[in-house]
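Notes to accompany the following structure.
A, B, C and D are the chain letters, set down in written order, and residue numbers restart from 1 in every chain.
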Amino acid sequence: MAGSTFGTEFKITTWGESHGKALGVIVDGCPSGLELNESDIQAFLDRRRPGRSKYATARSESDEVTILSGVFEGLTTGTPISLIVYNKDQHSSDYSEIASYYRPGHADYTFDEKFGFRDYRGGGRSSGRETIGRVAAGAIAAKILNSLNINFLCYTASIGDISIDHDRFDASQINSNPLYMPDASAADRAALYLDELKASGNSTGGSVECRISGMPSGIGEPVFDKIDAELAKAVMSIGAVKAVEIGDGIRSSSLTGIDNNDFFEMKNGCVTKMSNHSGGTLGGISDGSDILLRAYFKPTPSVSASQNTVNKSGENISVNIKGRHDPVIVPRAVVVVESMAAVTIADLLMRNLSSRMDNLKKIYL
Amino acid sequence: MAGSTFGTEFKITTWGESHGKALGVIVDGCPSGLELNESDIQAFLDRRRPGRSKYATARSESDEVTILSGVFEGLTTGTPISLIVYNKDQHSSDYSEIASYYRPGHADYTFDEKFGFRDYRGGGRSSGRETIGRVAAGAIAAKILNSLNINFLCYTASIGDISIDHDRFDASQINSNPLYMPDASAADRAALYLDELKASGNSTGGSVECRISGMPSGIGEPVFDKIDAELAKAVMSIGAVKAVEIGDGIRSSSLTGIDNNDFFEMKNGCVTKMSNHSGGTLGGISDGSDILLRAYFKPTPSVSASQNTVNKSGENISVNIKGRHDPVIVPRAVVVVESMAAVTIADLLMRNLSSRMDNLKKIYL
Amino acid sequence: MAGSTFGTEFKITTWGESHGKALGVIVDGCPSGLELNESDIQAFLDRRRPGRSKYATARSESDEVTILSGVFEGLTTGTPISLIVYNKDQHSSDYSEIASYYRPGHADYTFDEKFGFRDYRGGGRSSGRETIGRVAAGAIAAKILNSLNINFLCYTASIGDISIDHDRFDASQINSNPLYMPDASAADRAALYLDELKASGNSTGGSVECRISGMPSGIGEPVFDKIDAELAKAVMSIGAVKAVEIGDGIRSSSLTGIDNNDFFEMKNGCVTKMSNHSGGTLGGISDGSDILLRAYFKPTPSVSASQNTVNKSGENISVNIKGRHDPVIVPRAVVVVESMAAVTIADLLMRNLSSRMDNLKKIYL
Amino acid sequence: MAGSTFGTEFKITTWGESHGKALGVIVDGCPSGLELNESDIQAFLDRRRPGRSKYATARSESDEVTILSGVFEGLTTGTPISLIVYNKDQHSSDYSEIASYYRPGHADYTFDEKFGFRDYRGGGRSSGRETIGRVAAGAIAAKILNSLNINFLCYTASIGDISIDHDRFDASQINSNPLYMPDASAADRAALYLDELKASGNSTGGSVECRISGMPSGIGEPVFDKIDAELAKAVMSIGAVKAVEIGDGIRSSSLTGIDNNDFFEMKNGCVTKMSNHSGGTLGGISDGSDILLRAYFKPTPSVSASQNTVNKSGENISVNIKGRHDPVIVPRAVVVVESMAAVTIADLLMRNLSSRMDNLKKIYL
């Protein structure tokens, strides 16, 4: 057991259920001397908040964060940072019926199989609210990385089968539409599609792209803790993610070697790559070019339709689950992907410090 | 640092370079009482051996394994199992030139950036020979799982843009063609394509599918050590893998919720799913249906063509790398994917033992 | 960094500073199905509370615990259990002077050296209040173990050079005197000694003994995670502990082999030891007899006397630290030792589940 | 399970049984650029070799080490270093009788209880030969530390009840007598005592002291991975160790605070302590003074005397175990204590690198 901790030196431990008293995270291993206050973290949490658009649940989740430890006079002290968000809008009564059967596409059945019973209110620990801890920790990781000139650009790349057109890519659009898409036209079409889905009580999935720039080379710990391997785990651990690509991803599997190889050249006195099919990693170690990753999300499983399932008495039944459903969760997941990527990179940067005797001498001699 | 260990309770640590004295693995945490001998492990290693076909390197790698510890009178003792394979066919002289520049698509540059220098012979630690340790450990994990009725079916699903046709899927074909494809027609076409690539000194990638049957439900440790997250890391840590899918993977991201949900029904007194879009996991915990995963490999970066790169003096140069090149590594990687999946599942099965007080009472009272 | 997590499968992460908003712990890996409520935990916290006697600080620490997650309808769910205690009685103004120099025997200097600055209020993270998280987690571990018939007997064995007389050992005394000593006479003499120390503004140390009965044999993971090694770390990590003994400890080092060996005999059909010099472990694995350990605490460093030290401007100064001082912390530390021992044993019991193929078959076949 | 790995960033994994084919260790996380060859490691292994004196087993253990990976052209490459020592002098036939019963003071019984059976030859995994891997790894850790001006002075402090007199402490004596004692007179008396014990087939224990000088301040990761806690685990995990002290250890528990506190003063512009009761640590973080630790070993359990025990058929029997017995193992254990201390300190130095944002900026900006 014990699967709610991620990271080795920058280590996060999340806790909390959808309808429990609160959710939160402990960030252990944050270096001392980082300026940090609650608004840094709130800004990240606000990005995962629904209510920015009509495509997200009506539940009003203000999700106000409090720093309980690890920060003194505006600076991190090097001790564990405890962050908490109290649950406010809990309608436990809504969930009484759900307790009796297994919702298709949800984790009700597997939690019961693993643990013998479950907190059925709002999905309990398997709720999307679990990501509050990830995002709060991600805000801290991102702030560390920003101060080292490492930056993130994350956005919705597709909703259903509506994908952004990379020729129309416009970063300034990302925060201009409620779907966080860098292509206004795609965003418009996706919005229409979501209206349709919402009307019919259906849902869809999509994908998120993340570009990490300013990466130093040399980051990643082969052979198992490669930068791409750690990112894959980090991102696949987000609920609803079903696929992860690095660089050209699947497409590279059908190319030839001569087309897929990135050539090197000297540029401004530095070794650089002339292309970036590899997505910023070679042999599991960052190569100094941008890290590129894509995460694919399945559709929200909560739909307003008649579905076959089984109840706890072992009977076949048909259910039509009422309630507030999002037709898509992808836009809210953009900041979750960014957060998990930031936590992963921060941890690997710290782990890499001991890669050379030279580094040890620089700090200790 | 320290990135060559994988797993928590079933823990493997690999070591060794392409042209060092030997390569190997320590398997720590193998339960006592498993029948094990060298032929169990050799059978797995033989599957990753080149030379079964003309598409693999001519280097004769017999790769004979020796068990050095942890087995007594034919049974595992519960202590660390040390497995070693001595390197035999080392032509270090071949690599003198390569030392001076960075091969495109290889990890030469990133190893230098991380460590300041590298063992340049045959790729050193970033060589495909590093997988010897993974496969040797995988043989043990698979034997544990087999004894619990958990079984693996892994095969090549595509080479370049030639994919198997699932309607013609024939498991008996897998070991009948040198490409490990379960579709004789696709295997024939892929063989022709590889002949072409070989003639032109080019290469390609492909994909591997892995189906794990007999899985108990309840396996996986949310929220970070979910079964799909751990598999994603395990598989993405294999050199050349650029994407991982679970279940319907990317395709599920463009479906609607109603189409993607797997309905439940009672079957022979058991809760079962009527479809398996999810690939055997819900909320990161196994649901009792088959685990389905796909790994996508980039083309072999070693090609016989003129390529631009940079040498260690920081000069732009053009190189044409001679030597024995495989036009594809995917068929040899099938057993590597299977091995990493087996190690991951074995570890999660062990970790799950403490999920319920009932289990503790069953063993200790 | 990241040193506030302990355990592998039963994993605890503590956080919080003496004068921050709150302190707490996440217990991740607690099996599902354990009855648990706040009074179970409060009972442990009350044992570390001062105010039971005049030898402890006058600060009123009610230390009320709240369970924030991981428990549903009175049972643990298998998800992380978050426990919080809000700080109430914070006189931060008291600490303004202390910020400017390094108190002898305290961690002021080393925290500054490590982190560049520190939360100086009440010792910050190095305060004894940090043990709140340990004790709250220990309450859960102890409850798990009790349900497996494993029990703890912990008490004060010495204060200064006043030791209990094992010939007068009376377990019923432990909770009858404020020093938790199982020997009323020793408790009386120690009380007089502490009165003297208190009057003179001085302090002393002492020792705690812990006996764990009902241990199954076979627990402990050689060669590094031996039961005695893990206990040694757990106990030595408690602030002020300077020595740890297992079984006869130091005394065994001057015995001869023939006197120190514990002979085996059959008793009620079971293999038992005729003596227990080893303290319940052989080769780092529990042998079925009681685990015996002793922890030795240095004197409280806060004394009312003139002491030489250095201020942050690098000047030699003399200080006389005012404030509420305990003449001894040992009685309050009894429950901390018990808690750390319980957490360690719970974790090792869970890790041992995968030691045999038989256990895996018992759960999965 | 999986208890044969120690360390987080500098991670060692040992393997091997007394009478298996070989024993060894993987050192993962050794920084690149350290000069290393087999003679560095052999020098450490030779210090644990018997045969230097008549008090150690006649078994000729040449224990020649080979580096199998991780070193290229005389420098560490940053990849795992695999070290192997083949077993040569195996008289398995000697052990046939021992298989049938449980030797008092040995781990025969507990290994059987944990694993269901055991490799009974020479103690199998619980043999003192297991320390070969520790010492080989310790040689590398010590070399890293030496290059950072951190040095070790380890020696036998007592044998039976014959202790060195610290007033006669003479470091130059340590390598001048076969008992590694820094007091020639004590060494002479101990030698006579061991002669007696050997004649009567009996044995004794003793203690080892270790002084680590040149320590930077700030090392150690509270609250669990404190420098003293990690050292306690490291040393207690050595077979036969029954107690560990840091600084004044047990003695400090009976002092008063005013006597036990180490005052600070400025010396040559640096904050220094006027005494070192604490043994170089405050709050679990190194304070810049010497680290002082003591390990106490029980007597060798193998004695030539009639002992009561139980056989595998559950019968009470009396045994008199023949064979080559050491009257004491303490002198051979000196290098084992030093090795475990070095591995621990090396790991903590690496982990501390990420304690401050300043360090990250120093390396990455």
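Details
Heads up, the rule we're going with is that contacts are C-beta pairs under 8 Å (C-beta built on N, C-alpha and C of every residue); 3 or more make two chains touch, one makes a residue touch a chain.
The shown structure was predicted, so the numbers you read here are calculated from the model rather than taken from an experiment.
Taking the mean of C-alpha positions as each chain's centre, the chain lying farthest from the centre of chain C is B.
Over half of the residue numbers at the interface between copies chain B and chain D are found on both sides, making the touching surfaces mostly the same. Here the CA centre of chain B is 44 Å from the CA centre of chain C. In terms of their C-alpha centroids, the spacing between chain B and chain D amounts to 38 Å. One simple way to say how far apart two chains are is to compare their mean CA positions; for chain C and chain D this gives 26 Å.
Residue positions of chain C touching 2 or more other chains, listed in rising order: 1-5, 8-10, 14, 29, 31-33, 78-79, 114-116, 125, 222, 350-351, 354-356, 358. Residues 1-5, 7-11, 13-17, 20-24, 26, 28-33, 66-70, 72, 75, 77-82, 84, 114-119, 124-125, 350 of chain D are the ones touching chain B in the complex. Residues of chain A that touch chain B in their complex: 1-6, 14, 102, 104-107, 109-111, 113-116, 125-126, 130, 158, 160-161, 197, 202-207, 217-226, 228-237, 239, 241-250, 252-266, 269, 271, 274, 277-279, 281-288, 296-303, 305, 307-310, 314-316, 351-352, 354-356, 358.
Within the complex formed with chain D, the residues of chain A that make contact are 8-10, 29, 31-34, 76, 78-79, 144, 147-149, 216, 222, 349-351, 353-365.
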